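Working notes, structure below.
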Amino acid sequence: MTTRRDFIKMAGLTSAAMMVNPVDAFSNSIEKEKPEKENKWLDGSRLVVSVSMQFETGGQPENAESPFPQNMQKGYVDLPAETWYQYGYKEGIPRMLDNWDKHGIKVTSHMVGSAVLQNPQLAKEIVQRGHEAAAHGMNWSSQYAMSYEEEKTFIKAGADAVKSITGFTPVGYNANWLRRGQNTIKILQELGFTYHIDDLSRDEPFIIQANKKDFVVVPYTIRCNDIVLIEGKNFSSDQFFNQVKAEFDQLYAESEFKRRQMSISFHDRIGGTPQMVKTTSDLLDYMKKHTGVTFKRKDEIAKMTLQDKSSIRE
Amino acid sequence: MTTRRDFIKMAGLTSAAMMVNPVDAFSNSIEKEKPEKENKWLDGSRLVVSVSMQFETGGQPENAESPFPQNMQKGYVDLPAETWYQYGYKEGIPRMLDNWDKHGIKVTSHMVGSAVLQNPQLAKEIVQRGHEAAAHGMNWSSQYAMSYEEEKTFIKAGADAVKSITGFTPVGYNANWLRRGQNTIKILQELGFTYHIDDLSRDEPFIIQANKKDFVVVPYTIRCNDIVLIEGKNFSSDQFFNQVKAEFDQLYAESEFKRRQMSISFHDRIGGTPQMVKTTSDLLDYMKKHTGVTFKRKDEIAKMTLQDKSSIRE
Amino acid sequence: MTTRRDFIKMAGLTSAAMMVNPVDAFSNSIEKEKPEKENKWLDGSRLVVSVSMQFETGGQPENAESPFPQNMQKGYVDLPAETWYQYGYKEGIPRMLDNWDKHGIKVTSHMVGSAVLQNPQLAKEIVQRGHEAAAHGMNWSSQYAMSYEEEKTFIKAGADAVKSITGFTPVGYNANWLRRGQNTIKILQELGFTYHIDDLSRDEPFIIQANKKDFVVVPYTIRCNDIVLIEGKNFSSDQFFNQVKAEFDQLYAESEFKRRQMSISFHDRIGGTPQMVKTTSDLLDYMKKHTGVTFKRKDEIAKMTLQDKSSIRE
Amino acid sequence: MTTRRDFIKMAGLTSAAMMVNPVDAFSNSIEKEKPEKENKWLDGSRLVVSVSMQFETGGQPENAESPFPQNMQKGYVDLPAETWYQYGYKEGIPRMLDNWDKHGIKVTSHMVGSAVLQNPQLAKEIVQRGHEAAAHGMNWSSQYAMSYEEEKTFIKAGADAVKSITGFTPVGYNANWLRRGQNTIKILQELGFTYHIDDLSRDEPFIIQANKKDFVVVPYTIRCNDIVLIEGKNFSSDQFFNQVKAEFDQLYAESEFKRRQMSISFHDRIGGTPQMVKTTSDLLDYMKKHTGVTFKRKDEIAKMTLQDKSSIRE
């Protein structure tokens, strides 16, 4: 299988032949391609899988969206919905933490400031168990409409909460519903962040310029994302397994010739249910059977991307 | 696999080692953990599965929500939707009763007062066949917005209807759509109830204080719930099977070290269809193959929780 | 497995024993039950499966509901949606007819009058190939809000169209979206119909009184219905297969002791697609492997129900 | 299995026999049918599969529909949604191109003019790799409500953009959401197009009259269409596999006696994800195992249809 960029290089030469029999034309070109180094990960990984575990519950606004019908009379609290959120810190995060340990992987946890302040011991535990604490705003507000000053204060407050509770300084950022504003990346760079994830445009990390400095985009996913698939699309856990497995199979095949990253995302009250942790554990068992697959925190991916001269730059 | 609470105890000692190799650190700790008794059920069960069979049809309001499009002109009755509800008592509950007997299990039936009065013989039969009659309100009204007095009258009327028809005194309660109000638990305790189920926060029962007395929360489910999955999420019956099976597999694995309860819920006109009873029967066959799994009524679970000194208290 | 009615008879005697061990109590009772004749079909069938093939396209109103987004500016015709409906008579019905012949079964086709007039040759062919022509209204109007006279004219016009084109006199009726009005059954009886299908309350036919005469209800389905599952619930064809198979498995098991009918429903532009006909053919192959399963037109079922002294009467 | 048209021819003769035993009657007739030539494809193909790869991203309007909630305040750009669209040209089309080469098939790419101008190199590459460039309008506007002159200008501008960038003269057309207007086919014929695809009425191509000249309809699909199934119906990629496989199985069986075409459709940002390309590759592997299956561009199908005297004419 050839890649598009290689195709463009040789298109002039082979296009005539290709019209006759493109498949042969390409199978030849594959030979030349295999040795190419620039398409590999710096540390020799074949495929890098990055798992997110969003820590949000406890910080949600009153009567936040939930699986319960949004039809309550004004002025009343949706009490069962609150217990649905509580599940995230009482059962969800602890169960996922045990699962990451069982599989020996480290993940990135984007933490909402208000959730961290609500459950400081759990936030601390996530870091103590070896995972990355990244920032996810001070609360669940949308930030795309904030002024530059408001937004800077909002992002800094969330990051400070994470650092003060966990002792970990966040270098990565995720905006509520991925909805950054026009100033967000500039602000992140000013505050010392090195990467953000609110971009779905590629299956590998890349470098952009923020305030004339390198800033990394570690792409996120809505295709292998529990809130989008389980709550948004009403998938059953077996559909989640099948779709994520298909995603892995294709990226693993491509990674023979090309740098590929796979992103999977979980949220405390959704990805932490027994049915989803069982499904995730089965997926991890499957992925780990493949040689060259590594599981990395997004801070590691961002660092490796900055060091790699072959990283894509936009 | 370690548990979070154990982790916290030992975190001070092992955190350094853990940073080097958390997996080893934990696999060691597992040894120490296995003997722990406090995480087991008082009667020696490994995993307790509790099935609900909601008895509601016959008591629904005119033109209640149904699978039919909600687009009728005002002033007319949705006659086919009524026959969809009638199915619940003509076929659904009788079929489920035969299935519980076939598998030799007892369930908890939350009964709406108006449904019991509409089909007294069937309500009585449920109890005669060994199942628990619990209360589910006098009718389908939302109670979260009722005054203290209104709500107390509403709950008592429903419980009295159940008792007068079935001879069984309800000790458990389920509010319409789980939506209790701020006074509900206080009222339940005053009326002699010992537990409620309108809480999704844990995978095991726990004790709270109501009027300064112990009151049990036996958690319910929306993840293994026919009305949420089949009517709400449009699952097919095979998706229901796969998702509930995954839930069981994970909880069974965890129950080696921790007290775990699994909840499954069915409603007369939904869980009582041939396709769903076949699916449920297949699930019960699968669960019964696992040693240490017991099926209990929620009144038994509440009683055992009150007697158990190791129960979680909030 | 015992049945509910048997249980009630013996409840007095066995209830004490049952409380000790209900399962044994029932397994004994099963012996006594097996010989019971009244639970069988008059012709000795074990399970009767009835298939509907609704003939509606060509008769739909302009811009009728379709899979296309309902967002067109007023005053324009949704041309691709029209071709989606045309598929029903150009490919759907012909394909289903070939499938019924391949499997050697006869079905009931509820025909909308305006559709029959639009495609008379196809309507005629359905009858020539041995299937039942039943009435489905003169057009797609809702009839629940019509006056007695309007409704009688509407039903008669549709039935007359079917008879004049196909030569078959309809004796069965299906209202648009099953939504009959308070006068519908009275009118049907006056017009010489012997049964209707707009009822979901049982898994076997039963007899009601209309104008003090026997009138049969041959229950329809929304659980094994292509428009509800494929267009309404967005099932894939494999979900349709799995759910209908589970329905069959349970009804077949019950039919050892009890009269059971299974209903499956298809619509020209939906059930007639290649993916659905393949799925239906696989289901028929599966069902036909079971002894005692017969496939009957609803007019046959209604006739047998009237002749059977053990039919349920309401 | 007989076909409907054959049935009509012989109905007079065999209908009596058929009533006795239609299955035998038909199995006999099958013998006579096999030699029939008019039901075959001119080039001897048994089943023709046509794949579409829609090239639209880069040309979408600001804040175009996406998987993100449509709840943004006015005046702001949905930045993550933009990256979801960028995925189409950065990863989606290149990945699909590699997959078509891997399987040695050629597809039809309906290209939006504004998308081609945004990513000219990629549009050119599609043609260089042997695929058909077809027109899909100048931008994403609905054309059904345009005046004759507006629409002609709109269609011509899109086709000119495709030709000037790719060097390929489009002869096929697809309207936004298939929604052509009353003048569209007349305009297409005037502009030199030979076929359009905005019709779902048949499983084989057919000929209509436009300005008294032959014009081909190469039917499109919403049953095997990624935007309808994945984004519209929320299918998981395994549901897409199962449903398209069932579609193929039935059409392949029918193609023994009848000319059949199967259409499958993909869109850059949806069909080009790893999970969907893996699924598509598995489907192509499956189809290619069947003798007589060919994969053709729609321009080839239109040409063959015009040359074939046995083509259906409407």
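As written, the chains take the letters A, B, C and D, and residue 1 is the first residue of each chain.
Everything below uses one rule, namely that a residue touches a chain if its C-beta (ideal position, glycine included) is under 8 Å from a C-beta of that chain, and two chains touch if they have at least 3 such contacts.
In UniProt terms the chains read A, B, C, D = Peptidoglycan/xylan/chitin deacetylase (PgdA/CDA1 family).
Fair warning: this is a prediction, and the values are worked out from it, not measured in the lab.
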item: Proportion of interface numbers common to chain A and chain D (over half same, under half different); value: different
item: Rotation, 0 to 180 degrees and nearest 5, that superposes chain A on copy chain B via CA atoms; value: 90
item: Separation of mean Cα positions, chain D and chain C [Å, integer]; value: 35
item: Of all residues in chain C, the ones touching two or more other chains; value: 234, 239
item: Pairwise touch network: line, ring, star, complete, or other; value: ring
item: In the complex, chain A residues that touch chain D; value: 1-4, 7-8, 11, 15, 18-19, 22-23, 26, 144-145, 177-182, 198-203, 222-223, 228-229, 232-235, 239-240, 242-244, 246-251, 253-254, 262
item: Of chain B, residues touching chain C in the complex; value: 67-69, 72-73, 76-80, 83-84, 86-87, 90-91, 94-95, 97-98, 101-102, 104, 121, 125, 128-130, 234, 236-239, 273-279, 281
